[in-house]
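One chain, subunit A, appears in both complexes that follow, with subunit B as partner in the first and subunit C in the second.
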Partner chain A sequence: METFLGVVIGGLLIGGLYALIAMGLSLQYGVARVLNVSHGEFIMLGALTTWSLYTAFHINPLLSLAVCGPAAFALGYVLHRTVYRRILATSPSPGVFESNSLLASFGLLFVIQNVALIAWGANTRGYSYLAVPVSLFGVLFGANQLLTLGCALVVGVAFYVFLARTRVGKAIRAAAQDSTSAALMGVNINSVLALCFGFGAALAAIAGMLISMCYPVTPVMGIPYTIIAMIVVVLGGLGSIPGSFLGGLVLGLIGSLVTYIEPSLTLVAYYLIFALLLLVKPTGIMGR
Partner chain B sequence: MLQIVDVSARYGKTQVLWDVDLVVNQGEIVALVGSNGSGKTTLLKAICGLLPLSSGRVEFLGRRIDGLPPHAVVDQGISQVPEGGRLFPDMSVRENLEMGAYPSQAWGRRKETLEKVFQVFPILKERQRQLAKTLSGGERQMLAMGRALMSGPRLCLLDEPSYGLAPLLIAEVFRIVRGLRDAGVTVLLIEQNVKHTLETADRAYVLESGRVSLEGKCCDLLQTDYVRKAYLGL
Partner chain C sequence: MQTGKASWLRLRTPVLWLALLAAMGTLSLYASPYTVIMVTNILMYVILTVSWVLFSAPTGYISLATAAFFGVGIYTSATLGGQLPLPLIILTAGVASFVLAALVGALTLRLKGVYFAFFTFGLVELIKHLLLWYEVSVTGVRGRFVVSADNVTIYYIILGILVILLLTSYLIRRSRVGLALQAIGEGEDAAAHTGINVSAVKTFVFALSAVFAGAAGAAMATRWGYVDPYIAFDYLFSFTAVAMAVFGGLGRFEGPILGAVVFAFLRELLITRFPYVYMLVMGSVLVVTILYLPQGLVQLAQKSTWRRLRGHREPA
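Coming up: the complex of A and B.
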């Protein structure tokens, strides 16, 4: 029983991070139709910035949220306003836009990664914050890990409420479901798409900040997270933000279970789920 | 109120509209009829900013609106029931209506407007918590029309509101269109159901192959041999 609880809680701990990352990508891919391969680079930027602030200025990692979140939002917003908007304006069809923006984000991945390599160097970094064991149902967890899950849930739920209740949030959901119809209701589509891109980048950076509290960080850490985010977005259902959140938790649980049985098979299991899903239910858990 | 002057438009290399002139005066129901592919929906897209004009101009209340993006056209006071309704399927009926009140001047008054729309469409009040995709065809059309009223428009563009509906519902849709005019909303109605349309509207334009082939008061058009033969099958 204790091992079972351990597996479940362990799964939620990692699943919370997956959920945040996937929600971010869901906004960028599900709404703005940019399959942002550089998503993980924003996670990396958030993680390394938090590391720098903590080691150089002893700034509490949670406080670096106030720096990473807005900075990543601004970067994502400006990127959409400049790069992706231009691609959108010159693409004759949605399909062309998707492939061209995918290529652009690939380029962005290398640019951001190499700038980070120059700025931070290739070394693996880490710091110790709240790394004290806490017993939960007889299983030991790091206090920092539990804090990570708490933060991920708070941010995830807060963002969900923002989407469900506010005028801008509703415009984002409407644009995700039918962007032309949303424009005919008076929604400025270009600015909503840029907002989505900004929010996606901010969620990634916040996830990066949380990851840095528990795991080592390097300038090349981003890509595995990008791939996991893509799996979760498909698992949860393209364009469904609650689906991404749920999908993240589900994938975390599956990962935790497989890791318990045979750690080397975790990634294999993720890809297997991805492949099966595309064959059996390509619309995902909550997709249309 | 709305003046369309010498408008031409094209999709890529294919020209779809040729020097179209059309006027809608305040308080009128003006109909635009024509067969499939005659350019009706294209003209609507040109008015609301979804398709750039290749020449000509569109004026609303004396100001040019061609070249404005769709959301800016809505802000001028023009709302639309797009072809097929184009609801937001995974949003509730109420949220769909709220989206209709998205322009900032309408958003603050959305609760009062909502009550008014519920009076016109009582079925939407009953269904307000349901997702739009669970509605029947008729209810969807009611929702699309209700949503177009939520911005408090001066002019409402309706693209085939009766399409695909049962005869009883069609009559109901046209009754509502007349109700719009009585409520002070000017209407530009695009329809394939020529008989009902000419009986409802004040004036009509007949579009054929992207050109206006006939225009006039509906009562006069109903008497012309050409309309009776080509569109009414009499």
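Coming up: the complex of A and C.
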């Protein structure tokens, strides 16, 4: 029973992170239509910035949220305003935009990764923050891990409320459904798409900040997280933000179970689920 | 006079290609061993690039899995080396890559393009993890030694693979399959309505393009001597193929070849001393090319571009 609880809680702990990462990607693909394969690089930037601030100035990792979040948002916003908007303007069809923006984000992946390699070097780094055991239903967990889940839930719910209750959120949802009609109804579509891309990047950086509290960080850590985000986005249903959140928790639970049995096969198991999903229900949990 | 000039124009391209082939085919007779090695590396990148273009350029489906097929080739060579003659190993590698790509294609290519892009992006990582687990828990080895072949042999094998690949992509472009592929790229629903078996055509050409990446991997592995899953399944091979092709230009047959030659040469100069700078340059060039030079390097070679840059306007 304790093992079972351990697996479930462990799954939720990692699932919260997955949910956050996937929500960001879902926003970028679901609304801005950018297949952003450089998503994980924003996670990496968030994680390494937090590490630098902590080791150099002893700034509390949670406080570096105030730096990472806005900085990543600005970077994402500017990227969309410059790169993706130009591609959008020059692409004759949505299909061409999809492939060209994918290629551009593939290029950005290597730009960001190698800038980080030059800036930070290739070493694996980590720091110890709140690494004290906490007993939960008789199972021991790191306080930092529980904090991670708490933060992920708060950020996820806050973002959902933002989408559901505010005027900008409404504009984003309208753009997700049909960007052409939304533009005709007076939504400033270029601004909304750039906002979405910025929010996606900010969510990734926040996730990176949380990841750095529990796991080692390197400049090349981004790609596995990007893959996981992609699988979660498909699992939850393409373009559905609540679906991504749910999908993240589900994948976290599965991952925790597989890690308990055979740790080195976690990513393989995710991929197996991905393949099964494509065979049986490609629309995902909450897809239309 | 007029007819003589016309027939020379018609013959010019094939004659130039044949002259190039003759020069390449006798390279080991007049070039230094170092040049042979360098040209082998460049040709390997040309193979990866052209094989990527074979499927992704006409359809618009972006495959990010070149490295996976290349890696399958490398590991075929590593496991079968010494047990089979080299040509058979290379053939096996091609077949293995074909089967893998056909499976991936059958799974993802009947769905929207986004599933294909997502699935191929993670494929390299998937195989790497699977292989690491297998090597650690079943065979108990981390890396493998590959039975090596001499540089001149590898050069001619790589050249041979490239020639077959170029012929294949030339013929595919002019065949029914190539036309079907073109139609799919321009409008998938419309293509399906004209009676094209859209999924089958896509899957077949995707699998065919993987054969060459796999064969190249098998040949190159014999030169490296030692491989492990991290060396064999490296994203950089996918990335460089895509970047080189886009940089050269997808619209023309020569574009990707040109892009690959330019970048592979640049790689020879930079990779050992400034690897990160090299990758940074490649990433930036890919982004800049997409933004400002959508037809790639070959666009510059066309007269109208020069005229437009000098301020002339094309007649509308």
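As a convention for this text, the second predicted complex is superposed on the first by the 288 of 288 C-alpha atoms of A that agree within 3 Å, B and C clash if a C-alpha of one lies under 4 Å from a C-alpha of the other, contacts with A are read in each partner's own complex, and residues count from 1 in each chain.
Operating definition for what follows: contacts are C-beta pairs under 8 Å (C-beta built on N, C-alpha and C of every residue); 3 or more make two chains touch, one makes a residue touch a chain.
If you're wondering where the values come from, they're calculated on a predicted model, not measured in any experiment.
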Which superposed partner A:264 touches (first subunit B, second subunit C, both, neither): second
Which superposed partner A:171 touches (first subunit B, second subunit C, both, neither): first
Touched subunit A residues, subunit B compared with subunit C: C
Contacts of A:188 with subunit B and subunit C, given as first, second, both or neither: first
First (subunit B), second (subunit C), both or neither touched by A:180: first
Which superposed partner A:87 touches (first subunit B, second subunit C, both, neither): second
Touched partner set for A:114, first subunit B, second subunit C, both or neither: second
First, second, both or neither for A:235, with subunit B first and subunit C second: neither
Touched partner set for A:37, first subunit B, second subunit C, both or neither: second
Subunit A residues contacted in one complex by subunit B, in the other by subunit C: none
For the subunit C and subunit A complex, residues of the former touching the latter: 60-62, 64, 107-108, 111, 113-115, 117-119, 121-122, 125-126, 129-130, 132-133, 136-137, 235, 239, 242-243, 246, 276-277, 279-280, 282-287, 290-291, 294
For the subunit A and subunit C complex, residues of the former touching the latter: 29, 35, 37, 83, 86-87, 90, 95-96, 98-100, 102-104, 106-111, 113-115, 117-118, 223-224, 226-227, 230-231, 233-234, 238, 262, 264-265, 267-268, 271, 274-275, 278-279, 282
In the complex with subunit A, residue positions of subunit B that touch it: 48, 50, 69-71, 74-75, 79-80, 82, 86-91, 95, 98-100, 102-103, 107, 147, 151
Residues on subunit A engaged by subunit B in the complex (per definition of touch): 167, 170-171, 173-174, 177-178, 180-190, 240, 288
